[in-house]
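Everything below concerns the one structure shown next.
Chains here go by letter, A, B, C and D, matching the order in which they are written, and residues are numbered from 1 within each.
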Amino acid sequence: MALPPDLLALAAEVSNWGRWGDDDELGTLNLIDAAAVARGLAAARTGIRFSLAIGLDANGPQLGTIPGRINPLHTMVAINMAYTGDTDDCCFSDDILTMGLQACTHWDGLAHVSYGGLLYNGFSASSTTAERGASRCGIEKVRTIVSRAVLLDVARAIGHDVLPAHHPISEADLDAAVGLAGVAIEPGDVLLIRTGQMTYLKARDREGYLLSDQPGLTTHTIGWLRRHDVAAVAIDTLAMELHPGEDPAVLFPVHAIQIRDMGLTQGQNFDLEDLADHCASDGVYEMLLVANPEPVTGGTGAPVNPVAIK
Amino acid sequence: MALPPDLLALAAEVSNWGRWGDDDELGTLNLIDAAAVARGLAAARTGIRFSLAIGLDANGPQLGTIPGRINPLHTMVAINMAYTGDTDDCCFSDDILTMGLQACTHWDGLAHVSYGGLLYNGFSASSTTAERGASRCGIEKVRTIVSRAVLLDVARAIGHDVLPAHHPISEADLDAAVGLAGVAIEPGDVLLIRTGQMTYLKARDREGYLLSDQPGLTTHTIGWLRRHDVAAVAIDTLAMELHPGEDPAVLFPVHAIQIRDMGLTQGQNFDLEDLADHCASDGVYEMLLVANPEPVTGGTGAPVNPVAIK
Amino acid sequence: MALPPDLLALAAEVSNWGRWGDDDELGTLNLIDAAAVARGLAAARTGIRFSLAIGLDANGPQLGTIPGRINPLHTMVAINMAYTGDTDDCCFSDDILTMGLQACTHWDGLAHVSYGGLLYNGFSASSTTAERGASRCGIEKVRTIVSRAVLLDVARAIGHDVLPAHHPISEADLDAAVGLAGVAIEPGDVLLIRTGQMTYLKARDREGYLLSDQPGLTTHTIGWLRRHDVAAVAIDTLAMELHPGEDPAVLFPVHAIQIRDMGLTQGQNFDLEDLADHCASDGVYEMLLVANPEPVTGGTGAPVNPVAIK
Amino acid sequence: MALPPDLLALAAEVSNWGRWGDDDELGTLNLIDAAAVARGLAAARTGIRFSLAIGLDANGPQLGTIPGRINPLHTMVAINMAYTGDTDDCCFSDDILTMGLQACTHWDGLAHVSYGGLLYNGFSASSTTAERGASRCGIEKVRTIVSRAVLLDVARAIGHDVLPAHHPISEADLDAAVGLAGVAIEPGDVLLIRTGQMTYLKARDREGYLLSDQPGLTTHTIGWLRRHDVAAVAIDTLAMELHPGEDPAVLFPVHAIQIRDMGLTQGQNFDLEDLADHCASDGVYEMLLVANPEPVTGGTGAPVNPVAIK
């Protein structure tokens, strides 16, 4: 079902179309200005680093329910191969990776979602083709993502290790997590939202991770994100948003409005567990985040190995 | 031909086997300590960012001369697909990437090279298999690469836009570039070595980039790198080392000794052009480098979208 | 440039739309009736078999000029792998293939070509999508191709080992080859048309095979094929038709009319060399052809390992 | 566990090593002589054709339990793409397939299995490498498979629609099926053995097809196959043999002995349902089989779209 009138009104309200010019293909990533980068660099105090990526392998989260979005397949084309045939010579091992760009820890680019025939900023959805991929809003146009990030540990903030199945994250939940973090969200920040759902995947329970009624963002938090002018949002679930949604007849309204109307780059399947433990222990929830997507030309998303530096 | 006696002696001299324990799989990346990270963070003064990756697409540098190392192939599995069939609903585009892990901008992991049946730190080369890839020294064990980097613009330092074909980089060349940079190399630094060869690829001259007699590092510089205890080295060519080598009968001696004996992680096909122009203009050649490899489980290398932050 | 009026008139003249019903997705393959199969079986007199496929490997004909149509990439996922770790147990080797469906010896299915927004039989071109591939005229609907084939050795018939570069095959050429074959073409036959161009590829001269001005069928032969009501046509070139075409401004008119209007399944990159030598030696140019495409669901073409049995 | 003494004795007894020369890489396919082909051709009486392949798509039988053996992934690289941008011109759709060679209907080549470091005919198992695949016994060396086939409908012969779970096929079962077929098995015949297990897959019950205790051939039938000197055997299950085996500690003994010692090419995941119904209705169980594997250079197996012609 198409977005109902109230959500269309919300979409119009949070829209960033034209805000950075008619040709803009970056959306809220434009909010990462010198101040945001400086704030990020200043947040890196101890140099402790956390990789937020899950491994790229057959144990990825995909179960075949999303057609074509396969887990990474790693194959070998050379194993200690000596060009000369003599293994006392320099021998090389080479490998190939085939993967769904949205399969593991990744950014959804702005070409990932459309409705009504339009992408972010009013670009025609037909600008994405089999031959070229996304000729508008392709992920390769995002050269770098470097900013201050704030961990919003929603689960911990409201008293859970893992949010209950199908918990709808509310504005109050986000405010509680900001309270726990003890920092004010500023324009250009990247938010890392923790539900704890990743613990299922880390325990090799893919069904629990993927198929359970996933907790997640709701349409009620979109306005909050827009008011805070965040540059990007990443989460530790596959769907990012509550799934199934509050109105099961409306499919993925958070994706629709955040990506297409707000122009908000979204991260999914981020592993926030070690980082969250550390933040809980030292009480510091801000950090430098460097999370450049792989520059897949025409990609509608891309894998990323983000690092949070505290 | 196997390494001749003088190179075997050099290999023994620069060896880091055992230096970080018998189980170490990270090699010189161990040199990235808190001081190196702090030095890197301190080097990020203005927040200006340079992505050092080339695009992942069919225009990558591979020409088929290295069997199986294919350029990225980007294909679509969904284009504005409405689960409901109604394009006023949220529509999704999804894509697949197939690529050689060593095809574009990448790190060579320590499992990429062996000789005499051994990998770095004496691990058996047979630890790499078709089923598991590299079970020792797999690239996924490198979670993050964050340190200070110094751009060694060898071409500019010795008066070239692009090093002449087959120019053998010497210790004197490196010293000249350090002189131009005006910083002392410290343990744990990452070196970005510029030959200018990338200008060919950026001009869509793949043959010029790949097949010309490539300038590059020689065995004479290995000791220099070891004495400076650098954490990693990246370059703007495909072969990294002079190719063909000084003794054409000895294949890839720099790879052999740097990776297998020193345990030095190597980056190739880095695009240093914009960064180099900026360094030349402001005279500052140090920066924060964040260059996490994609965590391909068992990968003998991995693509990376590095960012240099000045 | 769109088809000019004379070619549109030809397209209308040879059209098979509606001939086998409005839902037909097989086109001229419907002409393979019991008589054609019986004729094919009767033509298999000695049991001598010729595989007409080239190997599936990196030496395939593609040079990167057709975006995305990559040569077969063969990678290993298991090599003598013992589940138990004991190689005295049963050990398995497994492998993966990635390839362009139109890269090597293949059939072009009827969804491979459209113009004016329509496929064969008036199906909308939009029935082919990234999610499902060809939902109309997918190659999987062709379960088997079994019929009598006749080798039309055009090159030999008009006095060449290999047709000269850019030789436009005419009706007279086809008649000459039929004369050489000494058999009357009957409805439902499959024609194997030899130019000799494959000798370049077999000599590892891909540029000669692919990039030379290729000899091939012209629009002047389309009516001939239609009048003879052949079931399918295969050839030993990549383009099938004269390339560049007689009017360089009209791209691939033979593909356009044969596939979209006639509904003629086309085979390309067939290796007819050994078969042609045998036919020349015994003077028998008819045979049983079994050439089932791989049943790729939604495929717009498919690889095939055809066998001619004389 | 390695093969126990009784099975090693059986392996020696049925061995075909050296029978067709020390360089032979075809094994029992050598038994397809002119008489076998002629017998096959003579068995094609009515021209009715049955494709025995399942579709190549994401609904294939693989569930991820066999590492790396992925179901076919079909992706698009062009959809009605006009080189000129004008869709009134000839437009092309092109696609890519990535698949495990052993994922769907396929032949296991003789390089698929080794034990004790040896392949069929004593070739070293190390002849299979990541760089080249199988340099010995690669599937591309099997150019064609054309012979008489006999359907052995074991299920029907012993009174079942589908063999019970974990039914061990015995010599008596095979004899019963031969009795039902009413033909004498002759050297060079190909046997199509029906368990009925494919009905699960056709009902989209992959778990039932793949994970149930699969009925199949046992080591007790190996001698029978050897005495009858069959050229190849294909079946309608994934494992071919009883799985788990009679002695669960001995993994895949039928594969081990049939492929490595006898040199018997094996077919799996053949869809025999329609063919079996037809044979039951007309009482004729012999046919011409044409089942050329795709010529994947160095492949340890290959997909095939077999056709049975009655």
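Definition applied: a contact is a pair of C-beta atoms (placed from the backbone, for glycine too) under 8 Å apart; a residue touches a chain by one contact, two chains touch by 3 or more.
Not measured: the values here are computed from a predicted model.
Asks: What pair in A-B, B-D or B-C shares over half of its contact pairs, by residue number, with C-D?
Replies: Equivalent chain pair to C-D in A-B, B-D or B-C: A-B.
Asks: In whole angstrom, how far does the Cα centroid of subunit A sit from the Cα centroid of subunit D?
Replies: Taking the average C-alpha coordinate of subunit A and of subunit D, the gap between them is 44 Å.
Asks: Quick one: report the Å distance separating subunit A from subunit B, using the average Cα coordinate of each chain.
Replies: Taking the average C-alpha coordinate of subunit A and of subunit B, the gap between them is 27 Å.
Asks: Of all the residues in subunit A, which ones touch at least 2 other chains?
Replies: 67-68, 70, 73, 75-79, 93, 96, 98, 129-131 - these are the residues of subunit A that touch more than one other chain.
Asks: Graph shape for the chains shown, where an edge means the two chains touch. Line, ring, star, complete, or other?
Replies: Chain contacts: complete, every pair touches.
Asks: Could you pull out which subunit B residues touch subunit D in their complex?
Replies: Touching subunit D: residues 67-68, 73, 75-77, 79, 96, 98, 130-131 of subunit B.
Asks: Mind listing the subunit A positions that touch subunit B in their complex?
Replies: Listed in rising order, the residues of subunit A that touch subunit B are 1-3, 34, 37-38, 41, 44, 46-47, 49-51, 53-57, 59, 66-70, 72, 74-80, 83-84, 86-102, 111-117, 125-126, 128-130, 133-134, 140, 143-144, 146, 250-253, 255-256, 288, 290, 292-301, 303-307, 309.
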